[in-house]
Amino acid sequence: MSSHLPILLFLVPFFMGVSMPIVTAKRRHLCPGITLGTVAVMFVIALMNLRVVLTEGPIEYAFGGWTAPIGIAWLNDSIAAIVAATVSFVALLSIIYGRVVVTSDLEKSSHYYTLILVMTSGLVGLIFAADLFNVFVFLEVAALAGYALVGAAGGKALVFAFRYLLLGSLGGTLYLLGVGHLYVATGTLNMTDLAERLPALMTSTAVVGGLIYIFLGLSIKMALIPLHSWLPDAYANAPSAVAPFLASTVTKVALVAWVRIEYSLIAPTVEVGHVPVLVLLEELGIIAALIGGALALIQTDLKRMFAYGGISHIGLILIGVSLGNDTGFTGGMFYLVNDAIMQAALFMIAGAIFHHHKASTLDEIRGLGHSTSPLLTGALIVVAIAMVGLPPTGGFFGKWNIILGALEAKHHFAVFAVIASTLLTFGYFLKVFSSWFNQPQSVAGETIAVSGGLRLSLGVISFSIIALGFLSDFVVRFLLQSVRGGGA
Amino acid sequence: MTIEIPLLVLLVVTAGGAILVKDLISAVFILGSYSFVLALVWALLGAVDVAFVEAVVGAGLATVFFLLTLFRTTAKARIIRRPPAPWAAIVGLPLLGLLLLYGAGDLPEFGDPTAPANTHISPVYLENSVADTRTPNAVTSVLMDYRSFDTFIETMVIFSAGISCVLIMRNNSK
Amino acid sequence: MIHPHDSVLVRTLGHIVIPIAQLFGIYVLVFGQYGPGGGFVGGVIIASSLIMAILVFGIDSADSVTARKILHADGLGLLIFAGVGGLCLIGGGQFLNYSFLNIPGLDEASQHYIGILLTQVGVAMDVAVTGVSIAVSLSFEEDEIAEDGGNNG
Amino acid sequence: MGELLHTLIQRPNFVVFVILFLWGIYIMAAHPNLVKKLIGLYIVQTSAIFFLVAFSAKDGATVPVILEGMAAVDPVGYANPLPHVLTVTAIVVQVATLGVSLALVSAIYRKFGSLDEDEILEQLK
């Protein structure tokens, strides 16, 4: 039974999501409850799965009973188990939070909840998939639901959802083209099988070209600079209720898909014209980390600033996983988990500020620190500490491991980039806090009543950001298990 | 090969027509014929199932969706301006073109029966399709059995597309 | 808003063509295992016949009652597909391993055959419903659709 | 360069693919009209699919419908079914995306009364 946990993790949100329009046709008010229950069950399954992988090691799941190169396989290893647990945790908190800020017309629509659940199951599939084409279809499921959820806000969001769709579909097509190249050159789609057949073919331009397309396609999906342009507008205008979930999961999971491909297919010795591929990827990560941080610094809108912060962190993670050593890799992956939770927290805070104070820019939040609920201020401080990367939060240990890995690989420029992006992060949070605690222009007076759902979600997420710091040792050792386990 | 060349030329011509024609409704009809020519090319290449799907889905359903959308717009909105070329496209496209040529540098010969794609896994499907599933059409047996999970997810894509359309249109009509 | 067509010729032809198209869709669906076709194509053909019914006769007319009813079946096809997969899970195999469908009196290959057929039907239903649903949401305002014809949204 | 041209002439399929792919992307990026952008996207997607089928075709092979029944099958005589499967999946994904994008276009038109991106962005300011 335990080997079926990943597919259960996928089927639970899928089944509830698909049957939602039928079940709640006459009882629309049940939708939020069902969604919440489903995601809670998912979280429990994800934890059970984590425990199974911890004790039994990586498990391969062959769909339809057809073993790997013939059929489709899922790989349930420590990376997948941890990211799946993170995604379901974030989804759970986002849905609790979403009930507070959801607009009334969305709340009445069962389709909205269906799409959230379909998207969640798509992301789960993307995490586990170990087959190139399977990754493609999951990318499209998650992306399609993403476009619609962004567009569901109406008005301006429609235009940005359309742009997101154009770029996202182009990314999907480039990915498909890459898969096509790899398939034509090797005759297989399974990652393990590819990993066996590729080393002999690494000089083939078709294979290298295919990998470049796959990377380009996934770069669009993970919003790697310079292909990030869809993200800030889309997430800043998405409905507040889903923005935390979208911002924290979509790009990270696309990155996980790339990490799987990179880790199983590109050995550190692979070179293109005497430059190791991993170093090239690392340089791209450095560029993204620095430019993303700089762009975040010049934003005046809170959500856009946080979105650029997320873009810069994607770069950081890419640096970590491309260093070519275990320390950097686990650091990067651990930072990915942290970043997913931090992004969710940031967008929750930004959404809550907008919900309670109708404030979204730095000017509008001026002095709010004096009048708003201390919960918001507290959560903002915790997330800021984690984003900057101070101990004891998880953000510190992630960055620390990336730096250690960079030192181990003697890539001093990467060390510099991590530190510089930390300073940039510090810079933009300084901007936020200087207006947050500024003297209020007019004394707004009464403290707002923060509802239970917001209290719960913000409290738990702030707590988990700190708790991850204490768990870092365990998580990193667990991640090492899949690294040392060989293969992917 | 000899019948293919005129079809390929026709393909480029119809694509160009769909792109260049100023009237959107004509462009959509030309796009439908593009799909149809594509289906013919695929049928020539031995991909009958793909040709059938493209003819029905591409030339049929896609055209219907386009037309239904356009019928709700006014004629004024369908007037098209000449586009200026953005610098990103001028820089990016040649790079992408070079990448395409680079990637195709040592792809196996077109139609080579000993290419990896034709020798590694696909014979297994062809040899076992009837014995495993009693299904002579290997495409169907791969689609619905050997790789049925992909098809399952794809059905999910369609489902979420339907849901998405309803959500987007409904939400905005208020 | 798309208005029902008032040409007699179009309406008469509609009455003839639409059932034929539906029949053809079902044929393609069922014979997908022997020749080109299958769930997707069959589903799309059925969907287009229903869309045709809506366009020719209008969504409120008695002739497009099937098209209206089918909108309520959103997700049913996908549930059939998942149900077949789930039965395999319950039977003790992996998801979608048709050998574990446990239909009495059939050997393994025939169970796969049945599995393929059932999932094809699921795919066709899903495609047909979605096709009609997208077409309807693209061509009608929410309040233009009669209460029972509206999508569940 | 001459060698490259020579190979290209031998591969008309590839030339057509490159033309369609780049032209489609150009229209997606450059054309201000939303529907034209979608036409560009459609052409890009079909060209990638076209690539997949064209390059895994097999000379002297027929439609992958096995006629021998249970007898031993010689796989050389039949086309490779796997790319066809991937392609069928990709086409359907493409039309699903098209449906959602047209819904977005239609909603944008209802909201802003225009299909021209520049005019819409003007209104957003």
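Chains: A, B, C and D, in written order; residue numbering restarts at 1 for each.
Methods note: a residue touches a chain if its C-beta (ideal position, glycine included) is under 8 Å from a C-beta of that chain, and two chains touch if they have at least 3 such contacts.
From a predicted model like this one, the values you see are computed outputs, not experimental measurements.
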| item | value |
| --- | --- |
| Chain labels contacting subunit B and also subunit D | A, C |
| Pair of chains joined by more contacts [C-beta pairs], C-D or A-C | A-C |
| Subunit A-subunit C separation of Cα centroids, rounded to whole Å | 36 |
| Computed distance of Cα centres, subunit D from subunit C, in Å | 25 |
| Centroid spacing, where centroids are CA-atom means, of subunit A and subunit B in whole angstrom | 30 |
| Distance from subunit C to subunit B - Cα centre to Cα centre, in angstrom | 22 |
| Junction residues of subunit B - those touching two or more other chains | 48-49, 53, 57, 61, 65, 68-69, 72, 100, 104, 107-108, 115, 117-118, 121-122, 125, 131, 136-137, 139, 141, 143, 145, 147-151, 154, 156-173 |
| In subunit C, residues with contacts to at least two other chains | 34-36, 40, 74-75, 78, 82, 95-96, 98, 127, 130, 134, 137-138, 153 |
| In subunit A, residues with contacts to at least two other chains | 14, 18, 21, 63-64, 109, 111, 133, 137, 140, 144, 147-148, 151, 154, 158, 183-184 |
| Arrangement of touching chains [line / ring / star / complete / other] | complete |
| Parts of subunit C lying in touch with subunit B, wherever the complex brings them together | 1-2, 32-41, 44-45, 47-48, 51, 74-75, 77-78, 81-82, 85, 95-96, 98, 108-110, 112-113, 115-116, 119-120, 122-123, 126-127, 129-131, 133-135, 137-139, 141-143, 151, 153 |
| Complex contact set, residues of subunit B against subunit A | 99-100, 102-108, 115-122, 124-125, 145-150, 153-154, 156-157, 159-161, 163-164, 166-168, 170-172, 174 |
| Subunit D residues within the subunit B interface of the complex | 4, 10-14, 16-27, 29-33, 35-36, 38-40, 42-43, 46, 50, 53-70, 72-73, 75-76, 78-85, 87-89, 91-100, 102-107, 109-111, 113-116 |
| Footprint of subunit C on subunit A - complex, ascending | 4, 7, 11, 14-15, 18-19, 21-22, 25, 61-65, 109-111 |
| Subunit D partner contacts - residues on subunit C that touch it in the complex | 34-36, 40, 127, 130, 134, 137-138 |
